[in-house]
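What follows is a set of structures to go through.
Below, chain A partners chain B and then partners chain C, in two separate complexes.
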Partner chain A sequence: MSAAPAQLFPEFIAETLGLPGVAGEVVAALIAAFVVGNIVLAFTGVAGPWAKRKITAAFTDRVAVDRVGPFGLLIIPASAVQLLAKELIVPEGVDRPTWDLAPIVLPASALLGFAVIPMGHLGPVNLQLADPEVGLALVFAFASIASVSLVMAGYASNNKYSMLGGLRAVAQNLAYEIPLIVTAMSVVIFAGTLQMSGIVSAQQEVLFTVGGFDVPAWYALVNPFAFVLFLTANMAEIGRNPFDIPEAPTEIVAGYQTEYSSSYFVLFYLGEFVHIFLGGAILAVTFLGGAAGPGPESIGFVWFVVKIWAFFLFTQWCRSALPRVRIDQLIEIGWKGMLVLSFANLVLTAVLVGVIV
Partner chain B sequence: MSLEPLDSPDADVVPDRTPEELEALLGDLVVGRDDHLNAPGFVIRPDTVQETLSTLKSEAGYDHLSVVTAQEYENRYESIYHLKKFDDPTQEVSVVVPADKDHPVSESAEPVFRTADWHEREAYDLIGIEYDGHPDLRRILLPETWQGHPLSLDYDQNQPQIASLPAHVNPIQEHHKDAESDTMYLNIGPHHPATHGVLHLKTVLDGEQVVDVESDIGYLHRCEEQMAQNGTYRHQIMPYPDRWDYISAGLLNEWAYARAAEDLADIEVPEYAQVIRTMGAEMCRIAAHMLALATFALDVNGDFTATFMYAINDRERVQKLLEDLTGQRLMFNYFRLGGVVWDLPEPREEFFSNTRDFLDQLPGSVEEYHDLITSNEIFQMRTIDTGILPPEVAKNYGATGPVARGSGVDYDLRRDDPYGYYDELEWDVITEDGCDNYSRLLVRMQEVEESAKIIGQCIDLLEDWPEEERNIQANVPRTLRPDDDAEIYRAVEAAKGELGIYIRSDGTDKPGRFKIRSPCFSNLQTLPEMANGEYIPDVIAALGSLDIVLGEVDR
Partner chain C sequence: MSDWIAIGALAAVGLFIPLGMMVVSALIRPSVPEQGKSTIYESGETPTGTTRIRFNIQYYMVALLFVVFDIETVLLFPWAVIYRPALEQGVPMWDLLWPMLAFVGILAVGLVWAWRTGAVKWTKSPRATRRKTERDVNQ
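Up next, the complex of A and B:
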């Protein structure tokens, strides 16, 4: 089942605005990237100052922000102003410009990942910037640049807590990136392509029918084992509980973030949230049928948003409920557990696909 | 005692000896008697401290050095080693070591009792006695640069105290930094998310592993002992205990002072007041243990754990009851010598039903914590077999309270040295044999339930108490002047362990010497034993499981 490839977002803009030639393509691509980037940043804006507080409060029996605006929503601009208005403290002995670049690299790497994510249709618009044949490999490549940023921050901060945080970030990313990608490869074996739109459309087939309701062949349903593995590795990859070891506030203060304040801190925060959403987006595309859902294709984006926010909710749930594992235990889980399981899953999937197809 | 197997304390019980038999046992070591109200006191020469203490420890079974009190008289210095038995804390003996007025030097007890390390450092710091053979005789509460010893008689309060650390550094001291070293020195605290106050841990790391950790305390030292020495027995001292362990353990602390002073002045407390005291104290214990649970969950889980808020909620419930009872939320000041300040709040029925509501919902809450944390696999992975404190080590360091009971040391003053109304009530002493962070948490959680049992029984008693017999205070003279040179050491089971008070009266209405034996002080001393060789997160967890309050450590 290979439908005609949908028109991508930049092409749609070029056509709608009537921008001709190469220059037109470039302008249209920039406009499209600007729109997508802002959509993601808007998620982050809602998530950081408002949704995160509300969700955590709900989990911990508290009342969160509710003074400013309806449901406390105006806390978003208030917090933004407050955070940006703070003094940027540059400690002595930091290694510039590495120290200044780290907070830019983190959100940039996560935002870049969204370039190939098929976010589904919104009306006539297909919100996907690019659909290269190596899409999945590319998105992992972008996402893993984040650890470079953490090391830069940890190493350049001239602070031992930051240093420990940076080292932990590297150890953690090495231990979990491999199981993550190997598990994703099992999806590729199913779909037979690395192209994001191909992976999504492969999941549109009907797995089985229950009472007249077609259950789609989402890989989370086809291979729940791989889904759980991927979800776990993803939590470690984005550094959320129980794997928030590079920050571990009660142990190493704030890890690589310790010395950052004001706008740099905001950039880190932003980067982390974009990273969570990117993690959710990858999960949605590879295991949850991308933008698929009940209703017409033109509201696919809504389903996509629901899926990545569900993932965000899940991260916050874990944050409220789960203890943090220790660094040596984390490495052990990664190398001795996840890696073996992910290869087992890969072999199993390959055999299954080989037998069935 | 140290030679016999500790897992079977009854196997070879050392017989209790009379003071005369003890004196005979010590023989020539004893040069005089200076009996205290609570225990016989043997005066020994300052160069025979180790011999005397090791004789008492190994042959007479006095295996618990509760505290070292130091003081200065007009003609001499004096260190008092208050010894007890973990098996039977009513068996007490004081070893009194006078030291020369001009050169106060006394032999260190550290080789016999590890706990003497910090206690003697404190004595050196505040009084000025030097301990010969002490491994590390430095100031402990005051800054290294401090001039003079504040509790000594000739201390000049007005002398300037500003000496910078560089000006104080000894230029010929060896330099410890080694360029070839693989280790990293890390300051954890005094401001750190997990130090539970202003505690400074000087840690040496090898990668993520802790090679050495040293606690630097004293940031919260407020001269509580000296303040108590400047207050009158009757009214002016009682507010201070609330400020030692301020994690809502106020009534437990007040009881420590009340018990010592009442025994010193021979005051009988009416039974009705004892029941109220018992009930209030156990409410404080629940509040304190709930906070310990909450902060331990923070240390292990991370910043925004639901457990923290749930436990704080439960603590709030008991805090409301305490507020009803005492009129205060933090600094209760509810006990008086000879009783309590006022009766239960009116209407009594409302107080009883509120308390019963709280007791009824408590088992459900505890069950929830078991679901949330103790039965969580990650939590178990983090806490079981980390922060190991073997029972012999715990005893040697004078660890008490949930810390000792989590190491299987069956020691609880409420049962072993009864006071208040405890011996009339049905409850159990909780011990766990795990010796790890997990056991200490389990002990606290079960103690909460035992406290609830006690409160329930007290409520029943109070409800049926005949109205005409509700006597909340004994007749106590307006001014108390205990006999000159009477000395007493009394301890109660506070939230963190054995909280003891030593008072020496000097014939006036204020104590001549007021010494606080803080359980946290002794418990914190065990941290290196638990932490060395473990990972940073384990140190944080071990520190959390010790449940220290810096207000009580530093006093």
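Up next, the complex of A and C:
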């Protein structure tokens, strides 16, 4: 089922620079990780201070950030400097080590998820750091560390709003983690592997041909029901509207991040965007054929970027268009709706695969 | 092996980026301590009481259910991985399907029980209900 393994990014660097042995492997891995980390940071840099404002402005019929640079793009460095230069206010009675660690845990864990994401080829380079056999399970494990950070921040802040936000984050993750993973399991049934490259290559087959155009067997097309379920659970997992109740600006100020300022706040903001992009990346790999798209394989990365930005746009669309669910509704939707539907989907997929194989 | 070196490298970079930003920020930001600045935010009022109070975790039963379903999910993953390869090797579908159905079925019974006893329902605390009644009486 799995194709010949493509050369991974650290191996490519080790070979190009001629780094031998284990030490060379470590150095190459660090270089590769640095590049991947900065790609993700560049996404969040564009998304946070610029794209998010522009998109929201477009939805609400305004013109946003257009003062600095072409299309207001220079607002990105300006905002970065401005936010980092803010005074850090440490509120009274915060639980000190935890309060300082929470803003590190969120971006670090979300970024770690990108280690196994196959981001496609850019020229001769295959932008994937690692391809272990447990890839899909690993990426969910990394992605769900984020809620630990929210609880840490919520509890340590010594603020009632933060506390509520942290506890809401727990309730939300308890309700949506299982539907998310069980729906992803239906993809695993199709692909027969947890390895990310295997899941992507299993989607390269031709589903049917329309007017000479081969429609690939992306799991979003093979099983649209699972795709919609996964999309919904993914929105809850990354805490975006309509499931943004851990933050809920109109109810509990800013939830778990109420007491954070300066670089700590930036790190939460950044971590959330990395988490959104990680959610988009998981969605792209499991349901949208990874980096597949028209054109040669060497521009796969472009398609991958298009897909995760489409997901980002979708989250912003939901932010502008959908009301927030209440916490009791969230529990009901999660446990009585999504959980049952996701297991039904799992059984149906198993039967379907059994019939077609 | 090199997979885990690469993941470890990204973990190092992932820690380095936030720490680096904290250090840069610490170098360039001002510090103007003022009376009242460090008060915790409570919508502009002076904060009352402590945050670390005892309160009713509504989803306590849900959290217990989560553990059960989480373990189930973990145990289902190996099954999901071998399902299609086993089918392709000619194992009849039903032989592969019924253990999973039995396993999920047992937990489905558990979920039905939890559903009927109201464990996955957001219960209102007695105090919230009482307040509502008093207000209704006053009106």
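Note that in this section the second predicted complex is superposed on the first by the 355 of 357 C-alpha atoms of A that agree within 3 Å, B and C clash if a C-alpha of one lies under 4 Å from a C-alpha of the other, contacts with A are read in each partner's own complex, and residues count from 1 in each chain.
Everything that follows uses one rule, which is that contacts are C-beta pairs under 8 Å (C-beta built on N, C-alpha and C of every residue); 3 or more make two chains touch, one makes a residue touch a chain.
In this text, all values refer to a predicted model and were calculated from it rather than measured experimentally.
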Just checking: does A:328 make contact with chain B only, chain C only, both, or neither of them? Give me first, second, both or neither.
both
Partner touching more residues of chain A, whether chain B or chain C
C
Touched partner set for A:200, first chain B, second chain C, both or neither
neither
Output check: A:56 vs chain B and chain C. Expected answer is one of first, second, both, neither. What do you get?
first
Let me test your reading of the model: by the given contact rule, A:248 touches which partner, first (chain B), second (chain C), both or neither?
first
In the superposed arrangement, does A:160 touch chain B (first), chain C (second), both or neither?
both
Just checking: does A:320 make contact with chain B only, chain C only, both, or neither of them? Give me first, second, both or neither.
first
With the two structures laid over each other on chain A, which partner does A:84 touch: chain B (first), chain C (second), both, or neither?
second
On chain A, which stretch or stretches are contacted by chain B in one complex as well as by chain C in the other?
160-161, 253, 327-328
Using the touch definition from the top, list the residues of chain A that touch chain B in their complex.
56, 59-62, 160-161, 164, 168, 241-242, 244, 248-253, 319-329
Can you list the residues on chain C that touch chain A in the complex?
2-15, 17-19, 21-22, 24-26, 28-32, 37-43, 51-52, 57-59, 62-63, 65-66, 69-70, 73, 76-77, 80-85, 87-88, 93, 96-97, 100-101, 104, 108, 111, 115, 120-122
Using the touch rule from the top, collect the residues of chain A that touch chain C in their complex.
1, 8-11, 25-26, 29-30, 32-34, 36-37, 41, 84-93, 103-104, 107-109, 111-112, 114-116, 129-132, 137-138, 157-163, 167, 170-171, 174-175, 177-178, 181-182, 185-186, 188-194, 253, 258-259, 262-264, 266-267, 327-328, 331-332, 335-336, 339-340, 343, 346-347, 350-351, 353-355, 357
Across the complex, what residues on chain B touch chain A?
184, 186, 192-194, 208, 297-306, 308-310, 313, 372-373, 376, 378-379, 381-382, 535-538, 540
